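Let me give you the structure first, and then I'll get to my questions.
The first chain written gets the first letter, and so on, giving A, B and C; residue counts start at 1 in each chain.
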């Protein structure tokens, strides 16, 4: 019954806010001889002291965007502004940005301290000041004891920290990180994720990092910008992006999703009622659409609750998935992964197949073949675009288990 | 127990094989290649035998000849004496020859490196689709014999050559510039002849050069010159060193170019060995000079290895990698 | 990996050195003189100079010899210089790779001394009695077979006034245009000629000639023209040079008169190649028959008319136009500068060293 607590889903940002520390205006990159633009008119703004994650699948233009901010790639059109000042024409070595590369790009011929000192030397910082700040930066990343090591003698995580220290020691205007965790193993990745967030917050630096990993984006960033095909799909808080995806692509790319296609039947206050073949009518939150329009309903797998089906038929009422009007379904498969159980459940006799994720342990396991009742919180159903609007390439999104309605005649809970 | 098993077990993953932890103390041990097993020795045998006959035996013969005593008119007294060595080492002329050999080697090496480095750097860094073609062009001179190329340089540098004819036609010079028949001509021709070798050696030694490192340096505030000086140069130094060794050794032993374009004025060990053996028929002295040249090679190679090891330590941080 | 593996570098260095060293030590070819016992036909192996010398000698000496002696055939092994002959014979002393060999008269005494050559049987080589004095061997070894002489060469297109005297080399108008390949036998011969002109005795003191040559040094463009002095004069790379007359005359013909060899008015110094019987030859009789033929009047006339050498045989009468271009002419005969090449054998190296060190400045 809970109404959405946050304002309606954020729309793709229109123009950078003047308060932004970093602002991109219509940033575009076209490579010669390549069809279409790699980056198509990105507008966004990053607040001072905050951390923005640029999230998207590979080839979405996120790295190019970051490199345009750094000055390593010249934009075809658009502007990069820092504190309202246009820096688009300023060469990389005068941009004063700290960059952490995916490969770390540490200088193999210098020891750790000299790597960190490099930017200071370029800035003609005095020797004593240099020593002090290098030590400080190494302490910040907890590598003070390895100052005279060679890069080849460091582990991946240590190299990552050196790269971070080297970028931060010059006190750059912005910290840019290109897939900073992708070269680390799973355990180290979690550790570094917290570490980077801690350092960013301690230093209060404005940071932009690029990632293809939604967990990284959601857990580290203050705001997340989702890119697809060189376009900015959505920018907002992690919660915005996850709970209130602006579009079908974001819904599928950020987190796992059941998307059930249907037709808008009408409005129910702030909610929209959608007719879903094989399921029935479901009410969902989201930007209202006219009756008869094609639309899809998003249901996150972990928001669906399961209960053993009783012999009784479903109770009467609006089939919105609320406990008052549960859907009936059959378990097709149940996968155990320690922390949770992943079910595939067919709705009705020939309805769509939904992914459902339940925590393992407290609930009884539903064996394949058994009948279950599906319910969800009213806020869990979100209205998004129908499949026609789907953009090519979104299919590569991980965790997007599209629910396809069965071709058989729709019956069941249809009024 | 078997040699092959040991060889397989000894294999060390490459630098990109995975993160190496510093704490494990691995850093103190130098990564070594697989030890040759019995199979390897067996496979090496034919080559080793061929080397024995083509290199080792003539070498022994030369050392033996150096211990003989030269007599008047090209006759040789079979004996065992260091007299010829002392005679040569006491003769200022031969020291002058050694000096000129080294001078030529240094000049040729320096100019070759200066000219080859930008070319090698460009070829190593370019992403142009013409890269293969450009590479082929850079080493194409190797297809032509150095004799032919030296004659080509004589046609360019000689008193009746292209440059002097042009300069005189333009009334820029009175007489011909002395570009050939002297050290200048030998250096110019040698530099061109050894450049392809230098370019190849450099490119093969530029493996540590990654574009991302240059970008990282730039993002840290380094302008192009600083990137070149502080990052590109140190990373390419191993390749430069290898090229330097190659060119230096080649020019120390070079005979054709000093002989053809030196005008009889450039006395280096190779031409002197020939003259002693053929014109003066003084085989023991020729043999002594050959041994001295070999000693010179030995010194150069030891110096190279020292330098290369020191460089390597800069990258690995390993100390005292010697066994 | 960036560095070339260390053993590879070492190996490459050693290889480069060894290659250089081995290039000086000539490899011995397999023993020839294969028994010609079957059918009475024998093959003798002759080591002679390469190039146009070989062409001419084969045409004018070997082919007529083989026609006159159908039971003997001659195999020509071309060699670069006398040092190569010496090297090959030293390496095959017991079972020599040749039966007859040419050798410069300043080198031959060494080979004789080492027992590489055998004395001739004058009964088998009757033509020895017809030899001119300078071709005779004092001690019964191989006689001279070719007489060449040192000439001044000039480029007739570049030089207006032809040089006629050795002193013309010092003419200021040739400054910087001289090619003087004298760090070898040519220099030794030139010293002998200069000593004569300066009224000195080369057997006593060559300082005067060396000093005279030092004065010439600043005018010299090259001490070692490439590929050789004759081509350098023909191409105009050098205007004036010293070179061997026979080869100069050959180039005069092939260059259409651009290269002009001059036998200077003071006379010139002869260079003699000897023809030798190799010791331990399995075909000593046939070999001596060949030597006898080569120094005979008929062969000498045929060869010298073709190759512009002066005859070693008193009875050989060259064509008059050829004689005028060699030291065979009557006036040149009068102006001969005598030289004792076998005396020179033990001084040769020292003289060449003085030229290199004091004149060229090595």
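Heads up, the rule we're going with is that a contact is a pair of C-beta atoms (placed from the backbone, for glycine too) under 8 Å apart; a residue touches a chain by one contact, two chains touch by 3 or more.
Quick caveat, the model's predicted, so the values are computed rather than measured.
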Intersection of the contact lists for chain A and chain C: B
Taking each chain's C-alpha mean as its centre, the one farthest from chain A: C
Comparison of A-B and B-C (more C-beta pairs in contact): B-C
Identifier of the chain whose CA centre is least distant from the whole-structure CA centre: B
Geometric centre distance via CA averages, chain C-chain A, whole Å: 91
Distance between chain centroids, defined by C-alpha means - chain B, chain C (Å): 38
Inter-chain centre distance, chain A versus chain B - centres from mean C-alpha coordinates, in Å: 56
Chain B, residues touching no fewer than two other chains: 208
Footprint of chain C on chain B - complex, ascending: 54-55, 58-59, 61-62, 72-75, 93, 96-97, 150-151, 154, 158-160, 175-176, 180-181, 201, 204-208, 238-239, 242, 245-246, 249-250, 253, 255, 259-265, 267, 270, 273-275, 277-282, 286, 290, 293-294, 297-298, 300-301, 304-305, 308, 311-312
Parts of chain B lying in touch with chain A, wherever the complex brings them together: 15, 19-22, 27, 208, 210, 212-213, 215-223, 226, 230-231, 234-235, 314-317
For the chain C and chain B complex, residues of the former touching the latter: 1-4, 6, 9-10, 12-25, 81, 83-84, 86, 106-107, 109-110, 113-114, 176-177, 181, 183-184, 221-227, 235-237, 345-349, 352-353, 356-357, 360-362
Residue ranges of chain A in contact with chain B within the complex: 70-72, 91-99, 101, 103, 105-109, 111, 118-119, 121-123, 146, 149-150, 152-159, 166-167, 170
